[in-house]
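Naming follows writing order (A, B, C, D, E and F), and every chain is counted from residue 1.
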């Protein structure tokens, strides 16, 4: 417990979290501070490229774990299974419509890559190692949740033609997945030599870039929260804090069963606990346009993301440290 | 005197100033070289974040001066007082209308953060230390001048309803101030440890980023000068060179009275000598739309900014070195 | 021959080339991965500034070669001469109209600065030195080819009024040339001291930035190739591979005659072998709007650029190493 | 200067639907369209702004299509199928064009 | 396809006035609007271009508002109060909309 | 609110031609225009998108010009000279303006 508090305090006082808090505060105060869309997208391209590349280079350096395939499989299964649990919880805890509940549920099966990045940066600062291929697990977990959400809708709300092959292609080949997996492959192929040649670009300034990116995330999350005051009832809000703990527990269990390293377990927990706010919302606007975007965007970006960033990750680190 | 010349020569031959000159030259030659707006804004977010953070970290490292509060107060007073002097000078030197004169005057009470950044970078290269909290003084000096300008107008040109609470909020919470002060706070809280974790982002590449930013400033200033040939009469032009020396003298006096370090006096002088071209123009477009933006933008960005950058700062450094 | 293969293999496995391949693959798979236009332009401003500055600093460090003027002259002559050869080849090999052939020919006389940058980065990794002023040669080679193309048209397709003084100004003062030459001058003036002050911005992260830029180039080239399937007949395609070898041979000869260093010969060869896809297309849209942009853009960006990047440069390095 | 009557159809729609809409337009025989950015807006589903977005999901774009008047109905039918369940605005106005042979 | 008469009001105004204008529109009962970027332009106050700006002060944006014809006057009155002392252009044109229930 | 009849001319043209067009318009006595970005589009010369460009050559922009009806012909003649050999679209529509003294 002390451990958790110390870690949480440490985490809360890091430039990364404080930058996020600054963004939140600026948005609540209705400052006109904004990060241009193109710059935000540039930063996220940088982060995806760097995190993918470093994961691949780590795999090249430490060799392939025999559990890699099992980890990928478990990731896919978790991503598909979690929405069903989330959907059940939402129907019990809140009075969201079936459609809205299914859309929200889909977000929680999928993952937030920035939460993943923040977790790796906490691991780094604590000197805890992790499996490089967790990046690939993250990529695998992006999409199955969307399928689960559409399945939930077709079962309960009728209409099974919401998914076409075009949408499949869009989901599986969305920019983030392609960049993450591609950079992972490049890192793997070029290995330590490749990493050395570009490390003053993707390693040294990484933490600083993450600060600016989280400043922007804070701005976006804060504006979302301010505008969504109407739809965010207390039970819905509560779901955004409870669900990451539920999902995280499943991820923790999976990580332990797979025999991952402490860092690997933390990352698996974090992935399962995090909720998507890029890939899934876009898919939902195409396939479930009737679902209210304010609800799912605010929940995943305005509630669960900050929760994981501030309290969740330290908890996951502390628990995993005890259990591995 | 020799000292000044040597410093000025050194300064004029630095990559930063030459980048600015390149931008100016490209604009005069009507090259289509442009820095996209989003990139320019991204660079300025970087500069504000870095300068604020480093200021805060310096305060954390060297402790709080007892003069901090007095410096903040003097900054506020100077920012409010300078427009009255500028207004008087303008009425004597030029034949600008009351409205235009008041609008211009407001710009000179406020500050240019890039001029401030350029001064810190000259101080660094000369190994002259300064108080970290001067960043906070800069933030305090942004807004009072706007109030002074509106007061000048309401007194002389009638109509006191130009300022509403909404505009106040916009001015005090404008993005630059929030980011600068917020980064300052983050730097202060996280201290040297925080700085170490992101210094390869905000310290190492700083000078280089400043070059690109000044390249863009040169382009913008040059285009402004080219388009404003009509309105820029000789006396108006002269004001743009005389006023920074007048304002700078006041800043110098204040810095000396406060007993700041040599670097601190230089920065105070620079702040008082510089003129705003971001916060104040935006406020003026809302509150004094009848004032001609070509005049105040060209004066502050096209005349005073280059003057301070090339000759002003070396003068301020030389004078402060002699007097402290 | 072994040498070439080893170099080619090395080159093909570098993060830079793999990033380009990732972009190509993403575009072929119709992923929605894109680099925002503003970010791409920001990256190219960075690359031009860095490469120009480093070239100038190298000249300051190693002194001026007596062959500088001859190299500049030869560059200009080659740039003007190559389009005539390209035009002849096109008339023989393909059935493009006179207009399209002239437009394409113009691109091959001019140069691709990113190919040049990629070649310098291969030279660096092989520890091969080159003349810093080759950057200036690159700048000189941008424009004469456009004149040659318009001459070819006016001779064969009538209408000599396609070129006005305004277009001349636009071509000679286009952003890339101004930035490249300007940064070269700044690097020259500020020398090693200037380079030291910003090297953690323009040297250390250079390779990494180049990766992201080539990722974007891959995306653009891939999308172009996909859309241009119709116009790209086999002979046209073949021209895109044969022409760089022809042009490169001329560049090689010139470099050898001038007595350049091995690296200098490689760069001269690369410049002559590369085709423009920024300056010349823009000029062609103004002066030869009837020529089909899909043909020349796809050829230079979709065929010749990847060819040089992957196979061309290693070949040029190997041949130049043998012959110098 | 001789001008010809035409219709200008402007459709504001969510960015993820862009390709579906333009495919439908092309399918309905439309020979050209332009896509314009939208920075932000407000409607029944609340305020939004492009700078407050992490992903593409929340943004909107505008598709503008100049067509011969007799093609209007085919176009609107095709567009409506895509827009139907989605938020967005479809407007039609009269205009004149130069170089009518292009449409 | 059934369409309904509507008015399209387009207001080009300086960026710092954006919120004041949209607040005024909302106050006048407008149910929706879209904000479009403007890259540059020229008028009585000279040429300007978005890429030649350090701050937001110099840029302009375009607010487009589709409304029912009977609401036009209320809207114009509200808009005029904001635009009055400022530079900028207000145009109104006729158009037709699908899904009139949305306006 | 009193409005006045005007014409709205919108010209979509390649970005490298922007200055030539606006110079021609200014030469024809036009007192103001605005330049709007175009993100992408499709026409006889195929699909294009701003994000898939390395240089400026491939992109297009839209020049919008509000003028008094009696100036239309002069403007169209001037614009046509620039647009003639180039790809692009020219449309004219009726509109009403506030503050007619500005045009």
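One rule holds for everything that comes next: a residue touches a chain if its C-beta (ideal position, glycine included) is under 8 Å from a C-beta of that chain, and two chains touch if they have at least 3 such contacts.
For each chain, UniProt lists the protein as follows: A, B, C = Sodium-dependent bicarbonate transport family permease; D, E, F = Nitrogen regulatory protein P-II.
Note that this is a predicted model, so its numbers are computed, not measured.
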### chain D and chain B - chains in contact with each
A, E
### Task
Tell me which chain's centre, taken as the mean of its C-alpha atoms, is farthest from chain F.
A
### Summary
More contacting C-beta pairs: B-E or A-C? The answer is A-C
### Query
Does the chain B and chain C pair touch with the same residues on each side or with different residues, judged by whether over half of the numbers are shared?
different
### Message
With centres defined by CA atoms only, which chain is the most remote from chain B?
### Response
D
### Task
Determine the centre-to-centre distance between chain D and chain E, using the mean Cα coordinates as centres, and give it in whole Å.
19
## Note on the structure
Between chain A and chain B, the Cα-mean centres are separated in Å by 41
### Query
Could you state the distance in Å from the CA-based centre of chain C to that of chain F?
34
### Touching two or more other chains - residues of chain E
36-37, 49, 56, 93-94
## Note on the structure
By the touch definition above, chain C meets two or more other chains at residues 32, 34-39, 42, 170, 200, 204-205
### Query
Can you name every pair of chains that touch?
A-B, A-C, A-D, B-C, B-E, C-F, D-E, D-F, E-F
## Note on the structure
Note: in the complex, chain E contacts chain D through residues 1, 3, 6, 8, 22, 26, 31-37, 61, 66, 93-99, 102
### Summary
Given the complex, residues on chain C that touch chain B span 36-39, 41-42, 45-46, 49, 53, 169-170, 173-175, 178-179, 182-183, 185-186, 189-190, 194, 197-198, 200-202, 204-205
### Query
Which chain F residues qualify as touching chain C in the complex?
14, 16-17, 19-20, 45-47, 49-58, 85-87
### Query
Tell me, which parts of chain A touch chain D in their complex?
34-37, 40, 44, 166, 170, 216-217, 219-220, 223-224, 227, 277-279, 281-286, 289-290, 292-294, 297, 301
### Message
Applying the document's contact rule, which stretches of chain E touch chain F when the two form their complex?
### Response
12, 36-44, 49, 60, 62, 73, 76-77, 80, 83, 89-94
